[in-house]
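As written, the chains take the letters A, B, C and D, and residue 1 is the first residue of each chain.
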Amino acid sequence: MFLGVDVGMRFTKAVLWDGKVVSAAIEETRGDMESVLKNLRGKIGDFEHCCSTGSGAGLVDFAEVKEDDVVCLAIAARDIVDADFVLDIGGQSITAISVDKDGNVIDFMRNDKCASGSGRFLEVMSSALGIAVEEIDEAASKADRKLSTTSQCAVFAESEVVSYVNEGESKENIIAAVCDSIAKLAVAQANRFGIGGRYTITGGVAKFKSITERIAEAIGGEYVEFPHPQLAASIGAAIVAEEEFGDV
Amino acid sequence: MSLSKIHEIASTLENEYVEKWRSEGNAVVGHACIAMPKEVAEAVRILPFRLRGAGNADTSTADSYLSRYNCSLCRSCLELVLNGSYDFLDGLVRVRGCDHWMGTFDEVQHAKNPEFMHYFKVPHLVNGDTLEFFSNEIKRLKEAFENRFGVEITEDEIVRYAKVQDEINEKMREFYRLRFKKPRFYGSDAIAVVVARESLPSEVFLQLLESAMAEKKKVDFRAKVLLAGSPLDEIELIRKIEEMGALIVAETTCFGGGSFWNMAEYDGSEIYDFLAAKYLNNLKICARMFGEYAFRKNFIKSMAVEAEVDGVILQHNKFCDLFGIENAKLRMDLEKDGIPVLVLEKEYASTADIGRIKTRVQAFLERLKR
Amino acid sequence: MLFGGTDVGSLTAQAVLLEDGRITGYRNIRVLPNPVESAKKVMGELLEEVGVSPDDVVIFSTGYGREKLVEDGFAKEHVSEISCHGRGAFWLNPAIRTIIDIGGQDAKVIRIDGNGNLANFVMNDKCAAGTGRFLEIQARALGLTLDELGEMTFKASNPVAITARCSIYAETEVLHYMQRKFPKEDIAAGVNRSMAERIYYLARRVGVEREVTLTGGVAKNRGVKHELEKILGVKFVDLGVDPQIVGALGAAIFAMEKYGGE
Amino acid sequence: MNEIPGLVKRGSEILRTIEKIGKYSKSELEGLARLTGEIQGHTILSFLDKRHGDAGLYFLKNVLSKHVNEAVKAKEKGKKVILIPFNFPPELIHAFENAVPLTTEMMSTMGALALEGEGEPYWDYAMSLGIPDYVCSSNTTALGSMLTAMKGLEIAPDAMISACPGACDANSKIHEFVAETLNVPEFMLDKMGDGVFDYELYRKLFLNMVREIEEFVGEEIDEDRIVKVIENGNTCTELYWELHELKKHSPCPVPNMFTMLSCGTRFTMWGRDEAVSMFEKLLEVAEKRLKRGEYPAEREIARSLWVYTGYYIDLYDLWLWMEDNGITYLTDILNSGGFPQIYEVFTKEDALEAIIKTSWDYQMTRQMGAENMGLRWTEDFIYLAEDLNANCAIYCGHHACKQSQAVFRILRDGMSSKGIPVLKLDGDAWNRRITSVSVLQEMILDFVQNVVAKKRRRRRGSRR
């Protein structure tokens, strides 16, 4: 049994792997990481070897190996959905990765220095609108008018939202516009990098169909859905542990 | 009547007159700056069409070429070029405007490689050397047109159209003065007029302008304001500002007043030297001309006095270096001279920004005690 | 005749009532999703408390949704928050020349003349680091309440440098410091200080003339207030009321001045 | 309100202290450096690191400190201080007896070196004047430092030169702002493109400018003096290309920091004897390293070309850290964009023609002032990459430099077509608020290990 732990900026994800996902758990990343990791281990069960990844990989003291998240994402993309490209949208950044036949990274590109295309931005927006994260897709699907969002800054975008609220716009239309603006930034990133062919979208934001559908539509090519996209990097990490320590 | 026609033209790209023009076998070339000597193109019935954003705020394709640090007006225009909205153009004159435009044209070439794109070089300084250079540049522009469209451009024809431009400029000044003392038009009407001018054959425009000037509107306002800063074709934005009571009675931007107010009339001299002096001297109204800050400040101040305004709004698009820096300096200096100033930073065509803008404009009006 | 003002912000909404040139009551609530509803609710509750019928009050609105409130007849006129904060502060203390108002979404520095009229103002046009929202996000990351966040400035021995300008990136910085086990007080104090620095540079643009007061929700953050006084080299004048109600008060004063007769 | 300390004053004080440094022992030095503050301490020590021989100290003492202190003392000696931008050859001013150049970007660099918070106070100061926060930080910081430099100091410049019209609006505009604010004359050039007519115009403007400066300074350039300046420049050029040749060895014997030392010299002392000695030192150290096969890491993993600017100051020892991790910093636009040449000159006229050519082809002016900046930039770097055998490129620059950002796509596509991967950093050479150095390090490592070195290869390939 191999454990992959991905300590992201927003969430810490753990996956127990044995040729397939046996169990998985997610906790919010906090200042006090010891208790976060303890909770996760409690939820996930016993493991033999562990690999950690993500920006806080170094905080997982029980991990025997550490691996970069781009590597883990590439492995997961190739092994799970056989994709040539990954577009990862996490709490704070958008990353485009190209993957070779064996699941190695060919090249990757992380986004411009601005938080507005990130998952955290989506959270801030939805909470300003009083929409729970789980309801985003449903709300967005009820939109009946397309609003423009131009502001590229997360913080300004927030005042745009307030502005729309004042104009009496519906919550649904506004959240759809927010999803749209995140999708647009992701698409620009994908095109700049040159994503084409078979690709998948991972990271917490890929859970929202209202965003992935917009992206897939704009990029074209062959989009494959990643099952439990938020777990992608932790799955990759678990596979790394398997390759390091397993007897394959 | 004509005014509503003008508004219609200003809110679309390819208009019916351009369609007709093309169907008669005439060419249309895009350009992006008032340094473009219109009469050289018009002399052989090439219509110079100024690129603009037409209120388009969606720049998702352009953003994968230009960066988010580039002016949103440029990104908007690039988007329209990439998505085919400007396919009715027979070519582009890459007028040396600001750096963001230079980058934009580099990307146009990289992504689309248009068949005709002539680089028209416009100096940033005005002196004997640059005028001589610019005069030659205008000749090279003429030659580029001749080679591309298989025509011959004679000096007589250029002179003929220079006189047409003189007539339009004079009419425009007259039209602007109608807004000064007892305003008969909204600023949004005036912007529509100048935008239409950049999108129409001269003869058509002149007719529309004349009949529009005969119209009379009832105009409500709390304060009279002069608008300056970066180029602006956002009629919707002006309308929103005016709805709050800040009537734009004068403006010095390069779509508007700046494009004709100081334009010299043909004086019978050598045509290319004349055009060089005419366009380069007029360009001093733009922040891209260095060493001419005093000229711009005085232009704004004198127009503010003539139009009896209560205050000045200096606006610029986010990421516009030229006007962003210029406005910081102008704000200090105009305030020092007792002219109340509001600086507005905005994203091109952002309807979502409107709330922020409204609060500022309202407070500004309150500051003016109106 | 009573005069009322409502001020709806991004986080809180206030109502104030004036009678015979005196504040007869005020109320401060968290906003509802719709600003018009917020204004009606806060004023409704206040009127009920004071026992006055809405028909006997002339209401001016400010803040978000101020025009809408006029459109549907709830308020008689609307005035911008900028003027209202200026007028409210001046009414409370005519020595005031500069008001620094920091709310959830924006920060403004307002200068008024000797008659209480608006002389000049700036509003943060920039990245949000100088707004209350910035503090909220960091407080959450630190696991502190807003009240606690402010107090930390006085407990810290060695404030950290928060360098990111964007609140979302600053949040990451805060998390990093926490994971590296820096004392919470030092991180929180760093947050307060960086906030004060942003405001300082905004203030420099219109200049700060004495006397100066601090309004808006962030005035309740003692840490930011202290840092700001230090960096500006001034002592803020206490207006003697809840600093969040100054905007609504200003609106009520405008109503009184316009419809109060004489 | 609190005021910011004058930059030049602080900088020149610190540098004067550094001049005494030769006398201290290593541990004393460390102690002293720490006293100057955490960041400054790191920075100063990284100059003095032993892999640089005595080149780092020589730079601080005889290049940077001299450059600044000559300007500080100019008034006393009745000389005029002329502020020049980094894309203008300082040798023209060195040709005058009674004028001293002060390079604006050097002042901002000093700010980064000398002050707690690096260039940030100057950036903030510019914000307080209402300069928008999106103007490239290089200029914003420079403006803040130029305007605060005068505080409590003798060093208000007497005139300014702007070589940027045609190459960069933001830069030209900031210069205009400063000239207007300080009310000093501004001499300007204009570059329109790459053609013969464009050169003709540039040349005329340049010669005019020289006449104007001569009038302003009240001195005609002396023939012997200007010829000497060019000859010194020629010697530097030769040494510069020798250093360039050395960079072709792998592992690279030229320490990462030398890129900055050589362009720092180019921007300030070129044409002077000090510059010649500086380049001799650089070469001496590099040759010694080559002979001994010295390289800080076990292996040279990445040979990186910085396609725009790097860090002007070794914040948190970024360059040392790179070397320790096997990442070589080959060169960047500031150091290579000029492709300096040798000029044979006998007369004042020859010498001026040489300086005009240099200025026309100077770093940044050459690329940003080109007809198509995206293409020129890309061509230059593909050439350098192939010449120096680079295996990756790293883009960093100034926050919001629209010039390079606008055409980055073209550069990346071009480099990729040659198989050279490009990492884009969103860092800023003067302002760590944009991205902290530790984050940049992480990004560089991720890129180098995974894309360049392909550190992890899966043994048996994918299950697929």
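Note that in this section a residue touches a chain if its C-beta (ideal position, glycine included) is under 8 Å from a C-beta of that chain, and two chains touch if they have at least 3 such contacts.
Everything quoted here is computed from the prediction, not taken from an experiment.
Participant: Just to be sure I understand the contacts, which chains border both chain D and chain C?
Facilitator: Output, common partners of chain C and chain D: A, B.
Participant: Farthest from chain D by Cα centre, which chain is it? Let me know.
Facilitator: Result for max centroid distance from chain D is chain C.
Participant: Contact counts by the stated rule: is the higher one at A-B or B-C?
Facilitator: Most C-beta pairs in contact, of the two: A-B.
Participant: With chain centres taken as the means of their Cα atoms, state the distance from chain A to chain B in Å.
Facilitator: Roughly 44 Å, centre to centre.
Participant: Please work out the Cα centroid separation of chain A and chain D, and write it as a whole number of Å.
Facilitator: 39
Participant: On a C-alpha centroid basis, what's the spacing between chain B and chain D, in Å?
Facilitator: 38
Participant: If a residue has to touch 2 or more other chains to count, which residues of chain A qualify?
Facilitator: If we look for residues of chain A contacting two or more partner chains, we find 112-114, 156, 159, 162, 166, 192.
Participant: For chain C, jot down the residues that touch at least 2 other chains.
Facilitator: If we look for residues of chain C contacting two or more partner chains, we find 64, 127.
Participant: Listing for chain D: what residues touch at least two other chains?
Facilitator: Residues 129-130, 409, 434 of chain D each touch two or more of the other chains.
Participant: Looking only at which chains touch which, which shape fits best: line, ring, star, complete or other?
Facilitator: Shape = complete; every chain linked to every other.
Participant: With touch defined as at the start, can you tell me which chain C residues reach chain D in the complex?
Facilitator: Those residues of chain C that touch chain D are 126-127, 161, 163-165, 173, 197, 200-205, 208, 231-233.
Participant: If you look only at chain B, which of its residues touch chain C in the complex?
Facilitator: It is residues 335, 340, 345, 355-356, 359-360, 362-363, 366-367, 369 of chain B that touch chain C.
Participant: If we count contacts the way the header does, which residues on chain C are in touch with chain B in the complex?
Facilitator: For chain C paired with chain B, touching residues are 64, 79-83, 117-121, 123, 125.
Participant: What residues of chain A sit close enough to touch chain D in their complex?
Facilitator: 55, 67-68, 70-71, 75, 78-79, 82, 101-110, 112-113, 192, 240, 243, 248
Participant: Please give the residue numbers of chain B that touch chain A in the complex, ascending.
Facilitator: Checking each residue of chain B against chain A gives 57-58, 60-61, 63-65, 67-68, 72, 347-356.
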